[in-house]
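Here it is: the structure, laid out below.
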Amino acid sequence: MRRWLRYPLLTLALLGLWLLLNESVSPGAFLLGGMLALGGAGAFAALTPPRPRVRRLAAVLRLLRDVLVEVVRSNNAVARIILQPGRAQGRRSGFVLIPLDMKNPYGLAALTCILTATPGTVWVDYDAARSTFLLHVLDLIDEEAWVRIVKDKWERRLMEIFE
Amino acid sequence: MTHAADLPLWAAVLVSLLLLVGSGLALIGSIGLLRLRSFYDRIHAPTLGTTLGIGCVLLASMAFFSVLQTRFVLHEILIAVFMVITTPVTLMLLARAALYRDRSEGSTEVPTLPVDAAQNERPGV
Amino acid sequence: MSATLLSWSVLVAQFFLVAAMGCAVFRVLRGPRAQDRVLALDTLYVNAAILVLVFGIRTGVTHYFEVALLITLFGFVATAALSKFLMRGEVIE
Amino acid sequence: MADATLLLILVGLPFAGAAVAGLMPTGARNAASILAGAVALAGLGLVGAAYPVVSEGGVLRAEFAWMPTLGLNLVLRMDGFALIFAGMVTGIGALVVLYARYYMSSDDPVPRFFSFLLAFMGAMTGVVVSGNLIQLVFFWELTSLFSFLLIGYWHHTAAARDGARMALTITGAGGLALFAGVLVLGHIVGSYDLDAVLAAGDRIREHPLYLSALILILLGALTKSAQFPFHFWLPHAMSAPTPVSAYLHSATLVKAGVFLMARLWPVLSGTDAWILIVGTAGLITLVIGAFIAIFQNDLKGLLAYSTISHLGLITLLLGLNSKLALVAAVFHTLNHAAFKASLFMAAGIIDHETGTRDIRRLSGLNRSMPFTSRLALVAAAAMAGVPLLNGFLSKEMFFAEALSAEAALPGVLNILPLAAMLASAFAVTYSLRFIHGAFFGPDPVDLPRQPHEPVAWMRFPVEILVLGCIMVGVLPAATIGPFLDVAVRSVLGDDVPYYSLAVWHGFNRPLVMSFVALAGGVLLYLLLQRRLQSGEDGPPLIRRIDGRRIFERTMVFLSWRLARRVEGLTGTRRLQPQLRLIVGAAILAAVAAVWLRGLGPGNLKPSPVDPVLALIWMVGAACALGAAWQAKFHRLAALILLGGVGLVVCITFVWFSAPDLALTQLTVEVVTTVLLLLGLRWLPKRLQVADERGPEVLTRTRRIRDLTLAVAAGGGMALFAYAVMTRTPPELLAQDFLRRAYTEGGGTNVVNVILVDFRGFDTLGEIFVVATVALVTYALLRRFRPAPDSVELPEPQRDQLEADAARMRDGEAGRLADWLIVPFTLTRLIFPVMLTVAVFLLLRGHDLPGGGFSAGMVVAIAIILQYMIGGTDWTERRLRLLPQLWVGVGLLLATGTGLAAWFFGRPFLTTYFAYAELPVIGRIPTASALLFDIGVFALVVGATLLMLVALAHQSVRGHRATPRPPAAPATREAARAAAAGED
Amino acid sequence: MELVVSIGIGVLVGSGVWLLLRPRTFQVVIGLCLLSYAVNLFIFSTGGLRSGAAAILAPGEAGSLAQYADPVPQALVLTAIVIGFATTALLLVLLLAARGLTGTDHVDGRERGR
Amino acid sequence: MTGWMNHLVMAPIVVPMLAGSLMILAGDRWRGLAVALGLVSTLALVVLAVTMLAVADEPVVRIYRLGDWPTLFGIVLVLDRLSALMLVLAAVLGLSAFVFSLARWHRAGAHFHPLFQFQLMGLNGAFLTGDLFNLFVFFEVMLAASYGMALHGSGTARVRAGLHYIVINLLASLLFLIGVSAVYGIAGTLNIADLAMRMRDIAAGDRAVLEAGLAVLGIAFLVKAAMWPLGFWLPGTYSAASAPAAAILSILSKVGVYAILRVWLLLFGAEAGASAGFGGGWLLVGGLLTIAFGSVAVLATQNLSRLAGASVLVSSGTLLAAIGAGQVSVTGGALFYLASSVLAIGAFFLLIELVERGREVGADVLAVTREAFGAGAEEDEADAHEEVGVAIPGTVAILGSAFMACAVLLAGLPPLSGFLAKFAILAPLLGHGDAGLPAANWALLAALVLSGLATVIALLRAGIEVFWASPAAKAPRVGLVEIAPVGLLLALCVALTVGAGPVMGYMQATAQSLHAPQDYLGAVTGAPARAPRGGE
């Protein structure tokens, strides 16, 4: 039982998943959903994941908002690149090697999700030994700028949340 | 579309807009798949569809069914969440696979492996 | 009015999405490399999921939601497997 | 004794004896021979017991139902004709048993010999007392079978094997022809009962099928009786032990053909066809057999050809279409049995005592074995037709018939008297050769053994037979007369012509012919003697025509070379032509069916084309065609395109109101992709090689043919599908399903209710299919051996290992765990999510899209994902999967749900549903169908995992076997350790 | 609509048959998959094609064909899909085993003319 | 028929179902348990089948409504004479093959026991079901298990032949599905009896489509029945299979024949209106060609197993041609032939392995694969090579007699039932009349006679080679459990011969009810409806 309760956030999320799937908030759904969520967390625990710690929920929400904005912005940017081949002439795409301070796997995962969700950037490779990751950028104006964007805009805030 | 007849106009406009934007983005993304020249460029294109593209359609669906059934239809959120956590797995694996394949073929387009300094110092390896 | 508007926009959206699928399939056929084909398949899956959602709006039935859900949640497993195969030469090591 | 008992014992006793003898130990020579002798004597006794009734014109008859509806009953029937044959079979049988007791070596497994001999005796008795023609065929083939075993008794010699095989092939084939003939006869008569058939003579001869029946039946009779052109098997059957030859090849087996012809003589003879076939065969055999016999250096070979000739004589007589000739035939049959059996025995004694049967080596045995010599002399004289011996009498009758028949016969047979005389002269010659060659002349030199008289008991049977020859020859009317009369009377009825069995009929033409033949024979022998003594084996002129060689060559050609050629032409062992044929046959069958009836328009108006779906299907078609195009050289592309097709199919299901199908299709799609990818690892890299295939033209032709077939199949199927879609029957089963689904099935998702309730039995069967396939897959993979070029690690992995090794210090953490950190984290998070979705799909299946199958697939996918990202070792250290347990439990749960209905007195799979009121939760449906669906779920999880995991494990085996690149021995282990160490 | 689906089935069957007649095991597997898609669609279509009429009843209702698509072919297709999946898996494993034991991926277990 | 008797019809499916499922749970580790379960199950099946044979031998056709649904709505099982006959054959063959396998084959690969049970379950289900789609499902159960049987023991030859077998059967299954669904699309039912009732009233414009579907369905059946030119897969597959597998497989081709008997006679009988007699000529011609090809194949081989496989073709061809003749009494004869040839071929397949064991070709019998991975032998292979059985005295004589019996049976020679079987087909075919015979009858007569001759020649050659020509062949070690099943099957052939009268009576009654299926149709379509039941 203790093992199951080790991941309260996940349990809650699974309960939410259940309720959304069933589109119901009846007691029955809660009861069954709760049981299933506990079971799901148990299954998760069986996979021996590293212990996630999520702090500062408010920071999470702020981050989410910024990500959304960024998603919309880069959607627009990439759509333009695709639709206007003329402008793309001067465009340069390329790889950027970014050093990271963050080690937490959940933080890294979240960073990947963010970078993937914003069109124009793709996480390519990660080197744990050197703590660097390789990013491919569609519109690479300045490598340094990208390093800064990632580190300041995302990594720092993710470290606040996960470490 | 008889079932949509009782939909208020504002909702219809909203849903229509979201649908058009969403599917338009998906189309643009797929066009990008055709137009962009290298694989590493192309890998960015579908993200339009997987983010805002599907997002808009999900919003449209939520709005449409919520208004139509006069209750909150929210389960579309799940799709969005799933998209966010599954897409990186595919794209990462794919991009890295491409990188390695290109490297092993000696392509100049991709960065070479950063070689360990300590290793370099040792002679004869 | 609502019905007309919606039916046209649904139709256009569907055309967009089918066109998008066409683009993706073209890329699958064309290649040139295996990674391009896999990427295109992934795109195809996403476009299909959106198409199913739009179809749900078109018919006003929610039964198809799960299909879209499953495409997003499981379609990626296929492309992930393909990518893994490209990278390592085998899916499960 | 009642008829039935007597006849049953007569036929059954030898078989029973055979069974007992067969069970005796190998060395029980005396016991077996006593048993056999007793059985034979008992049989003879029974025949004797029947004589009083039969001699009065009575017929013993017993009928037992066997297959009464088809007119086949066991009818045992003994009239005079059957009686004398039965007497011959048992009587000579008894003598042969006695002879064999002393002839057979104690090294041989003698009980087996007697077992076969008795069985043969039974079969032969069965033939002669059959009152039903099918039953006659039955025993007829048995005689072939047991004679095969007897001829092949010394099967360590090639001659015995070849002789036995030839005998069975010829007589067996003849028996099959006889079978067909008897069936045709049955068609004509309407019964197989002998009495009925014999009563329907006119009907038979006038029937349009008479000739067919006749030819088929004669094929049987003539092969058995070794008539030209089927005569050649008999000499080779001489490789049998001599008692066998004496019994089978003089007295019994070969007489079966004669027996049959005489038996059916009243109904089949009398037509030109009969005369032509039987007469010609007999005539040719008579002459050729006698001629060849002269030139045989083997005593038994000489006797064998002589037998052929004498059988020809009998056949010829039967073919003469005269009642007197029939009498003569029957008479000669008996006479021949007596002298030929004794001669064979004599030959056997010579062989036994001297160790050879070669006439050229033998000489002057008269001095060392005088008794045997006298006996053989008398018997040979009988064979040559010397007066005062039995052979003379029947030969005399034969000459008379030959003379009287002359005018009435068709062209070929007009030389009859001349041929008869010639053959008789030959008979004298070979008889002389037998006697003179073996017993007279100088003392033998260089024989394998020192000859002396055999033991008295071995000579005794010969003595009896020779005595018979003399008695009949001297006092025919008193000895054989009554028996012959009874026999002939039962064939011809009261219409027996006058014949006289006197020794002296006055000085007439037949007598002259006899003397001419005797003189001619002696003369011929004198002329030929020198040549024969040194000559090579075989007759002049026709030596080259070796029946056996022709037979063997024909057999090899027909039954081997030709058969193989024909099989190659009309069949194939290759897959592609077979598939082509099946596809072609299906197309043809459908086209033919439609062609015959004509196709009208359907009763449903097709709905208008939705451009979106049309476009989707253009995408789908592109995928399908692309897959067809790419599958050879770009397997991955084909696989991806297949995924595209699957997706389009899935959308089509969505489009046309089948969400359940779409869900299932999707999950199956994913698992199939993973599965095929797992398989691709073990397939060779296929590269385009220019001249991989044959000539360009051939390849193109093949492709055009396949393309045509593919287009035909596709076009045909499209048309067919359109035709079915645009039609609907007036009353559709579906109406009921929709109506009852909720009210009686308790679910709103009708498809699911059908699957787990209305047609749950289909689903039950289906999960057993899945389980079975999983088990088969597992079993197959347990024995999996990859091709040598696939054993080592895949190329990308080797590259990466080398690259990593090159840039890393030894022992430093590997890269596998590094770059997988993010996917690792995410997929572990996805795991419980997928499980929850699975439960969701499972529980709602009865009311909304979902169900056990798709839920099970979802769980399987969730686990496979962990395998993919985490690797096999990692995953299995954390999840104890026990797929076989899942499979077993799933099956039992589903079956058990079905069985539970039995306890409520309901049929299997009767479902139960009700709504239960629970605190807090409220009303929930409880349906036994859910339990069933859970069984399906468990099975699907287990079976899918069993297959995928078994396949994945091959990679693990591969890794264990592959030596790592030397530079990085610990890299992978370190990586695993790192991955594991995250806990 | 019937026309589109028929032609679709036809194209799948054509491609499938073409692949089925190829000499390489993998081609045959893909061909059988395509054929099985086509057959599934065919089974599905025999009940008629109707849009937006999934046979999911409103609770308490006795449905009728006027409102709902024919559920029987759907149930049959589900069974067919599952069986098809299982047998495809088996065929795949078998072709791997054949390749391992015979050293070739030719359907006859030996290259032609050898 | 009340109470527990009521469920008798279902039992032949349930028993192996449960046994097999339990065996999976037991796994290969507790093989003793699996053996015990298997024995119980196969024996029970024999008892059940014989009971059902007794029950079925009356005009009443028994139906079992699965799920208690009305007959035309749910799936029904139907027990009539034909299905009872097939059940008995399957059960007897199953028992024999199972006992035979206990000597060593059951250890030659994983999961033999459950696969064997599922094989029997599939067979029994196919024989009992009255529903066309359910027939498909049980065909698949049966085929899936047969894949396992055919591949049991693995090895190059098996895998190579198995690949063909599976691909062809997958194609045939697809054809089956096309046929079944076309039937549903046009006639609106899946119940065979219901379909038969509806045949007459099919609209003229729809009949072509329905018949085309049924023709495709027929092709699927004929592929399984191995009609020429659709059956080239059979000799290869059967000869590559292990002995017990081949024995049980030998009834599989008869399932195709069964399906044709059942479906064809029901649907295209006299009641079928315009469709009556559909395709009968093709069956006859195809059957004749199959006999011809089978005979040629029999002659063209010196391999005993392949010879046995070719004999299966001959027997399939004989059955198809006899059915195609379309006469009641000929069908009766065909049924007798079916029983005789199934038992004989089963015995022959078992025997071949014992016979060849003495000839040192048995060295590769288990065809154990070399461990390419170098990981050492798998545990179940360890005991695979152990010698089985003792050299019982007279082994060669016993084997020789058994071989002779099999040869006589296959060739249709006296004294065993093979001869009576051919007679039972031919006698009514030729019948009685004043006129000549139609060419088809002549052809069948010639085909049966000549195929017999071909078999004689081939078996003679093979038998002499095996038993007589080999120089002092050392007596093979044969276990009692191996020879006993052969003996059982041959003894049944003897019983068929001795009891030919009553057996033939049964067969004729079966044929009559097949050709005039009023009892069947009445029982299925007119069965009492479901009592109201269920919730609330």
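Letters are used for the chains, namely A, B, C, D, E and F, taken in the order the chains are written, and counting of residues starts over at 1 for each.
Definition applied: a contact is a pair of C-beta atoms (placed from the backbone, for glycine too) under 8 Å apart; a residue touches a chain by one contact, two chains touch by 3 or more.
Here the structure is a predicted model, which is why all the values come from computation and not from measurement.
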| item | value |
| --- | --- |
| Chain labels contacting chain D and also chain F | E |
| Chains touching both chain B and chain C, listed by label | D |
| Pair with more cross-chain C-beta pairs in contact, given C-D and B-D | C-D |
| Distance between the centres, which are taken as Cα means, of chain F and chain A, whole angstrom | 61 |
| Approximate Å spacing (C-alpha centroids) for the pair chain A, chain C | 22 |
| Chain C-chain F separation of Cα centroids, rounded to whole Å | 47 |
| Euclidean distance of C-alpha centroids - chain A vs chain B, Å | 14 |
| Contacts with 2+ other chains: residues of chain E | 20, 25, 28, 42, 45-47, 51-52, 54, 56, 72, 76, 79, 83, 86-87, 90, 94-95, 97, 100-101, 107-108 |
| Chain A: positions in contact with at least two other chains | 17, 21, 109, 112-113, 123, 125, 127, 129 |
| Where chain B touches two or more other chains, by residue | 29, 31, 43, 45, 50, 73, 75, 78, 82, 85-89, 91-93, 96-97, 100-101, 114, 116 |
| Interchain pairs in contact, sorted by label | A-B, A-D, B-C, B-D, C-D, C-E, D-E, D-F, E-F |
| Residues of chain E touching chain F in the complex | 20, 25, 28, 32, 35-36, 39, 42-43, 45-47, 72-73, 76, 79-80, 83, 86-87, 90-91, 94-95, 97-98, 100-102, 107-109 |
| Complex interface listing, chain E residues touching chain C | 51-52, 54, 56 |
| For the chain F and chain E complex, residues of the former touching the latter | 133, 137, 140, 144, 147, 151, 154-156, 159-160, 162-164, 166-167, 170-171, 173-174, 177-178, 180-182, 184-185, 190, 369, 372 |
| Footprint of chain A on chain B - complex, ascending | 25, 28-29, 31-32, 35-36, 38, 40-41, 43-45, 47-48, 50-52, 55, 73-75, 77-78, 84-85, 87-88, 91-92, 95-96, 99, 110-111, 114, 116 |
| Residues of chain A that touch chain D when the two form their complex | 10, 14, 17-18, 21-22, 26-28, 31-32, 36-37, 39-41, 43-44, 46-50, 105-106, 108-109, 112-113, 123, 125-129 |
